[in-house]
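My questions will all concern the structure given below.
We just call them A, B, C and D in the order they show up, numbering each chain from 1.
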Amino acid sequence: MTKRIGILTSGGDCPGLNAAIRGVARAAYDRMEGVEIIGIADGYSGLIKGDYRVMDKSEFSGILTLGGTILGTARTPFKDMRKIGDDNVDKVSSMVKNYEKMGLDCLCTLGGNGTHKTANLLSEEGLNVIGLPKTIDNDLWGTDVTFGFHTAVDIATDVIDRVHTTAASHGRVMVVELMGNKAGWLTIYAGVAGGADVVVIPEIPYDRETVIEAVRKRAERGKAFSIVAIAEGAIRNDEADLKRKEIREKRSAEGFTSVSARLAHAIEATTGIETRVVVPGHIQRGGSPSAYDRVLSTKFGVQAAELIYQKKFGYTVALQKDKLTQNKLSDVAGKTKFVTPDSDIVRAARNIGICLGD
Amino acid sequence: MTKRIGILTSGGDCPGLNAAIRGVARAAYDRMEGVEIIGIADGYSGLIKGDYRVMDKSEFSGILTLGGTILGTARTPFKDMRKIGDDNVDKVSSMVKNYEKMGLDCLCTLGGNGTHKTANLLSEEGLNVIGLPKTIDNDLWGTDVTFGFHTAVDIATDVIDRVHTTAASHGRVMVVELMGNKAGWLTIYAGVAGGADVVVIPEIPYDRETVIEAVRKRAERGKAFSIVAIAEGAIRNDEADLKRKEIREKRSAEGFTSVSARLAHAIEATTGIETRVVVPGHIQRGGSPSAYDRVLSTKFGVQAAELIYQKKFGYTVALQKDKLTQNKLSDVAGKTKFVTPDSDIVRAARNIGICLGD
Amino acid sequence: MTKRIGILTSGGDCPGLNAAIRGVARAAYDRMEGVEIIGIADGYSGLIKGDYRVMDKSEFSGILTLGGTILGTARTPFKDMRKIGDDNVDKVSSMVKNYEKMGLDCLCTLGGNGTHKTANLLSEEGLNVIGLPKTIDNDLWGTDVTFGFHTAVDIATDVIDRVHTTAASHGRVMVVELMGNKAGWLTIYAGVAGGADVVVIPEIPYDRETVIEAVRKRAERGKAFSIVAIAEGAIRNDEADLKRKEIREKRSAEGFTSVSARLAHAIEATTGIETRVVVPGHIQRGGSPSAYDRVLSTKFGVQAAELIYQKKFGYTVALQKDKLTQNKLSDVAGKTKFVTPDSDIVRAARNIGICLGD
Amino acid sequence: MTKRIGILTSGGDCPGLNAAIRGVARAAYDRMEGVEIIGIADGYSGLIKGDYRVMDKSEFSGILTLGGTILGTARTPFKDMRKIGDDNVDKVSSMVKNYEKMGLDCLCTLGGNGTHKTANLLSEEGLNVIGLPKTIDNDLWGTDVTFGFHTAVDIATDVIDRVHTTAASHGRVMVVELMGNKAGWLTIYAGVAGGADVVVIPEIPYDRETVIEAVRKRAERGKAFSIVAIAEGAIRNDEADLKRKEIREKRSAEGFTSVSARLAHAIEATTGIETRVVVPGHIQRGGSPSAYDRVLSTKFGVQAAELIYQKKFGYTVALQKDKLTQNKLSDVAGKTKFVTPDSDIVRAARNIGICLGD
């Protein structure tokens, strides 16, 4: 019988983590007899160190609306996931040992891509693991949406709404840099929602002249201002073959600390229009989850409890075609869900006249 | 060639209408040459009276974030859609005549179930009609979601969040009555998102004793307060066979003006716990659309323009399995999308311990 | 030496109560040695019953942003404050006894007018009492502003903003009924902030024809819609001499459950313009305090601790001319701060063309 | 008779500008016969170039809630206000000429310190000038509060609330850099409202060790995370004698682009606790004004119209001791309202245990 359920939250914090923890716990208590929930501190590092506690039922009350994670979190424990070197072997064996020591019947891991790689690793080591897809980046393979994403879109859209009035009042270009190193979901959703004129995402390398031309054309049509939404991981087409590290070094040598600062400089230097940069940064991942994310997190938690009940381990829960389902951890690990050129959102952006920089 | 596109918004106002109008217009200008957008005032009544104007491109700027509809709206023009009586025949023929007179190549109708019935009627009369599914009730058949719904969920959830603190501080039961005459989508989503203890929707007739028992049990466990979210169209199981009009009359004779007031009275009278009612009413449908609805409205607008481009008339756009698509108006007209007992949201609600009153 | 400080929150719950509790506690710990904070449950009823506990320092962390009150609250314990009858005498003597029993050196009471009456009573009985002015009504005498007020204005303004779009889209009159039985601060502030066309407050009895005329004139100028903000305690000029109970009975006999429903009916019946009522009710007092109220509550808490330190009892803290200060409880008890006809807010409302109904 | 009233908005954009414009216009129409409002584009630069238009009454509808300014704005036209050199003389004489050419009877200038200096200059040149105190910095001398300030506090507090959850979940120090070069009003208000642990403002030079010690002490008490709110113009006590330009150069030479980055590096390097920086930037001045600022802007607009009516020129409107009033432009020009060490807000911050870095 499944009795002792471990839970940990790993990776960057994200709205909806507590709602998902609550969902797993409440549904587990509801579905099964004698359940105990073991809270593991600070992601996998708590599993490595054996830092955990048995949680009281009352701890899951009042956390639905709470941002962050009551369990604490830490970035993935492995520097380089590709090679499980000496150090990694030790860490994995510590985790396996502590899983035994805690007497766990299964382990729920809430996190994004890094978290799911490690979850798959532990699953391959024989542990009963279930994943829950959390990330504001929405780039986890196999699920239509991850929790945290739509809250981040709300925040990023609010940022664009606010700079819109400054842009319009001053006749300025505002370049808003949003989170997303590899995938541009957050940037393109917030860009469309905020009425951006240019949206630049990592999946579509941008041509600097094309972006500048879009700004200039608006100015010629009497719109002195423009809004550019750019993902932090956006790539210029003439640097598409370089490694990210090389791009960063090149950019730094040119005196720019970010992709947005560099593009803003180019726009201002070429068009003569005053251009400013806004980097909302960490506020995109903080605070109370939106109603959408509270529902989604709860559903994911409930689905995870369902899998535990069915003893269906080695999976991560997912939403596909608007239905709860699950994917094998081995299918998800190491994959990224990118914005594809033929997706509805890209087509919609183009059709309403947004310049995507290509 | 499709040149003159008429647009009207019909039924209760709803966040996202302007974003959808903008989406249709921008994508139509983008896809086709020589497009003219004809704005028809106040829903079908403008079509009946011939109240319209050719719109300027600039009118579609700055409206993405605007609540309500720049075209004006009115409830469905037919008292009884089931029989197209003398008066209705006149109205329909006026609409057909004015469509001709305006020289329209097609007509986009943005609205909910009533709007789609009329849209289908006009399509059967030979007009080129395309629908866009708008309703905060989310009860339009054939689409996973309608625009306006998630903004309404945000607002209703905020209402529950706010009364939560009053309930907890005073040890009270708060009964929150939300919109939804036939379908309980808004109530169950907001109920789950707001952490309601009891959720009562029209699709699941409620047993008064069951609801009271849920409140009493919480009190016994030391939780002096409870939150009950109830749809305005909720039905008591012993009245499930009565007509809505009969229920209203019965309720009124008992001295209650609403379903929530009646339930609140029963709870207070039986448990002795102070019980208050909150009816947020029209605020659920007003204000700026959420980021989610701005994106969805834009997508729907773009898809409508696609259908116009393809001369694929007699359809309403839809989101199915997370993809843009369309349904025949004849398939949608007269149907309602209900919350089903085996849906993910109902299952999730039950599993986390929400009482659904049955 | 002042060591044991009792705190209670009384009357309707209100944003900022927890922030004020935190302010008192932190500043008391900071200013004095060996302080113990005694939390009294559910307002004066906890003092009557002797329901209290010594609080831990950690309980004051993380409550700054929390709506409601962690101590619980209840309405004033006396039905009729004017005559301290047999029952009241017993209650007062219980409170005095329990104050002694708890070994309190002083008692902080957070509340509005009713709370301050009782606070003054206890002060006259010889207890060391300090008040903190809390009420969303802003009607406490002797302070420019009470905490909770500006959060309520934010919420009520948001309500008006939302119904604005519905009013404009449907060409309707929307009558929004806001809290305020005796004083119209909330209604006139939210009315001005929300751009209402008519604002009706208890201090200025309204002429029905004047209100209807304002709506009609707008319609004649092509503005089909109007927003009317009305306080729940608004009085019609031809009923100004009646008692409130008589007005309610008269209204009820006419078939109206509220002041807003009655006015809405008159507007619709006379002008023919569709008119709807919105009564946001309890949401006006719930939820997280605004930044303004968090600061004000903190300041009031700090000032209360200052008075405790100075052993200056029998006072309630206040903000006068933008400075922290205090008033004697005996000066405040039984008085109401009304909106005066020559105040800046009334003058501003009139000058920008708002009809005040007179 | 005063008939032609010019209005311009100058300096950084700010929530409430449109509400104030609307207030002036509506009250002017209300108080006086035959009023014409002349909208001058882009601040003083529009006055210099003669870029203006007569505005229609309808343009003042629907702008109450709108962020930014419908007139456009630009920074102050003078590089160095201290010496009115050749170029400045030309600009001033252009403004005087255009004032005549437009046939203005008076000029309302909405702005902050820079704007008021120029307003005073024009007043000294004999123009009829009235100022309205706008700035999110709240540092205009002679008024308790400026419009825009409390909206900015709301936004900045929301930023702190959001990073709070990240800080707590990751056990990190978050350094939030807020606007305010000379005055720390925004930072200290948002810091108190957001529950910051350390607040650093320009008026109180900070000691690096003191700040680090505050963070370390919290860590020792088991609070792994801390929030530091720092104004962009904060000064280190060992650099208090340097000029701002020298500080920036020194900081830049050390490799830091901002005061927050430098402090964050010091904290992380010394304590070993992961430390992150958030710079919300322009979002602090954008978007719809809060209810508070809509009311304040409206009041200021109404008071400006009152002064116009009274032909009382050479003043700027103000709020003093919670009442509308005015100050001479010559008294306001060139002064800054600083946060004083003995103010209520500083005392409150200290008493609840916030470290102010000194």
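Everything that follows uses one rule, which is that a contact is a pair of C-beta atoms (placed from the backbone, for glycine too) under 8 Å apart; a residue touches a chain by one contact, two chains touch by 3 or more.
As the structure is a prediction and not an experimental result, all values here were calculated from the model.
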Of all other chains, the one whose Cα centre sits farthest from chain A: C
Centroid spacing, where centroids are CA-atom means, of chain B and chain D in whole angstrom: 42
Mean-CA-position distance for chain B and chain A (Å): 31
Set of chain C residues in contact with two or more other chains: 161
Graph class of chain-chain contacts, one of line, ring, star, complete, other: ring
In the complex with chain C, residue positions of chain D that touch it: 22-23, 26-27, 30-31, 64-65, 144, 150, 153-154, 156-157, 161, 189-190, 192-195, 290-292, 294-295, 298-299, 301-303, 305-306, 320-324, 344-345, 347-348, 350-353
Chain C - residues contacting chain B, complex: 9, 12-13, 15, 17, 42, 66-69, 72-74, 155, 158-159, 161-166, 168-171, 174, 257, 276-283, 285-287
